[in-house]
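I'd like to ask some things about the structure below.
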Amino acid sequence: MDVLYFAWVRERIGIPKETVDTQAGTVADLVAELAAREDRYAAAFADTSALRVALDQELSDFDASLTGVREVAFFPPMTGG
Amino acid sequence: MDVLYFAWVRERIGIPKETVDTQAGTVADLVAELAAREDRYAAAFADTSALRVALDQELSDFDASLTGVREVAFFPPMTGG
Amino acid sequence: MRIVVQEQPFDFGAEAAAFATNRHDMGAVVTFTGIVRDISGDLSAMEIEHYPGMTAKALEKIAAEAASRWSLGDALVIHRHGRMVPGEMIMMVATAAPHRADAFEAAEFLMDYLKSRAPFWKKEIGKDGSAWVAAKDADEDALTRW
Amino acid sequence: MRIVVQEQPFDFGAEAAAFATNRHDMGAVVTFTGIVRDISGDLSAMEIEHYPGMTAKALEKIAAEAASRWSLGDALVIHRHGRMVPGEMIMMVATAAPHRADAFEAAEFLMDYLKSRAPFWKKEIGKDGSAWVAAKDADEDALTRW
């Protein structure tokens, strides 16, 4: 599964993208797995209320299932326009 | 006093502008005076709720005083934009 | 703040671009353009009559009112009179503001007031005759929201 | 309906004029332009990051939603990413509709959704460092009106 990071999430974790081998059932499970890895991940995922998640390029929720998902992206609330 | 007519008021009366010698105290008095002149005026002023009036180029009301006014204009509701 | 009343066409693209350029302290520019619309398919032309002595005065009053109600950096109103064919631009307004809500609201306010308070009258010239456009109750009602 | 996501500048005047030209059945065109704003006077540049795989998809979804809610003849969204200096245009939307209320509302809807639902992130590069722009509660709240 590809995991992408944008804006300050990308800066905190230090990479824009990585491939993750996981059995996580939901986004929240994946977050817990990533946050347990290293401090930089823990810092990025410290407050998920400040984060948004997209599954296969559609906005989703942290309790959504990862079944069949190929691309997960984490980022702060958008500020376009 | 100059009296101006626009849009269908102008077309009904048949002239865009005339000078009127009047002692009318209010717009309504002037309207009554003009309407009494000829059928074309009576037709134009038949329903003053369908008309607007400007005194010296400012929108006003039919019960407004004409004291000191140099230019009166009658026209239908505006349709700009 | 610039108010223009003229018979000849205006260059919407050039006006919009000039209005929006070099606005380092304005985050938002809104424009509105009114176009002669041929609904029935038999409109030959639109003729717009106006009250020359009153027009610029009325538009300036409306624009000043908008400037006093919203945090506006600038506003532009261009309105034509005379004869136009379907597809031709009748008028435009533009507003510049630090924030988008102000730019949008001020532009809508300008349009609502311009529709019902600026001395312009439209006449539709069709293939089978001509008729003055009637004012819509909805346009008068639109003023009550401000 | 045209959606453009690009790094290079766009020609606002030319885009606005092309969008508003030859609209014989649309009486109203509204445009909104977002400009890099230097509030404090020490902004060197704005950097806009985006999520390439998702951006066009998200914008198309928002534009389709606008088209389904209002009587729209056409809509245009152009959004840039990359580095821009104060005064440069970040993005524009344009809407064409038979009536002005639809054109205004659809443009505001597009802006509100684009602000909070399209994957763009702004970073302000100042003389003394840089900072990601925080999303405003007001922008999220703006969505509730639709």
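Descriptive notes on the structure:
For reference, chains read A, B, C and D in written order, and residue numbers begin at 1 within each chain.
Rule of thumb we're sticking to: a contact is a pair of C-beta atoms (placed from the backbone, for glycine too) under 8 Å apart; a residue touches a chain by one contact, two chains touch by 3 or more.
The structure displayed is predicted, hence computed values, not measured ones.
Common neighbours of chain B and chain C under the contact definition above are absent. Each chain's centre was taken as the mean of its CA atoms, and the one lying most distant from chain C is A. With centres defined as mean CA coordinates, chain C is found 48 Å away from chain A. Centre-to-centre separation between chain C and chain D, using Cα means, comes to 23 Å. Spacing of chain A relative to chain B, judged by their CA centroids, is 71 angstrom.
In chain A, the residues that touch at least two other chains are 81. Among the residues of chain D, those in touch with two or more other chains are 34, 100, 111.
Pairs of chains meeting the touch criterion are A-D, B-C, C-D.
Residues of chain C touching chain D in their complex: 11-14, 16-18, 20-39, 86-87, 89, 98, 100-101, 103-104, 107-108, 111, 142. Of all residues in chain A, only 4, 6-8, 10, 54, 57-59, 71, 73, 75-81 touch chain D in the complex they form. For chain C in complex with chain B, the residues that touch the partner chain are 34, 48-51, 53-54, 57-58, 79, 90-91, 111, 114-123, 132-135, 140.
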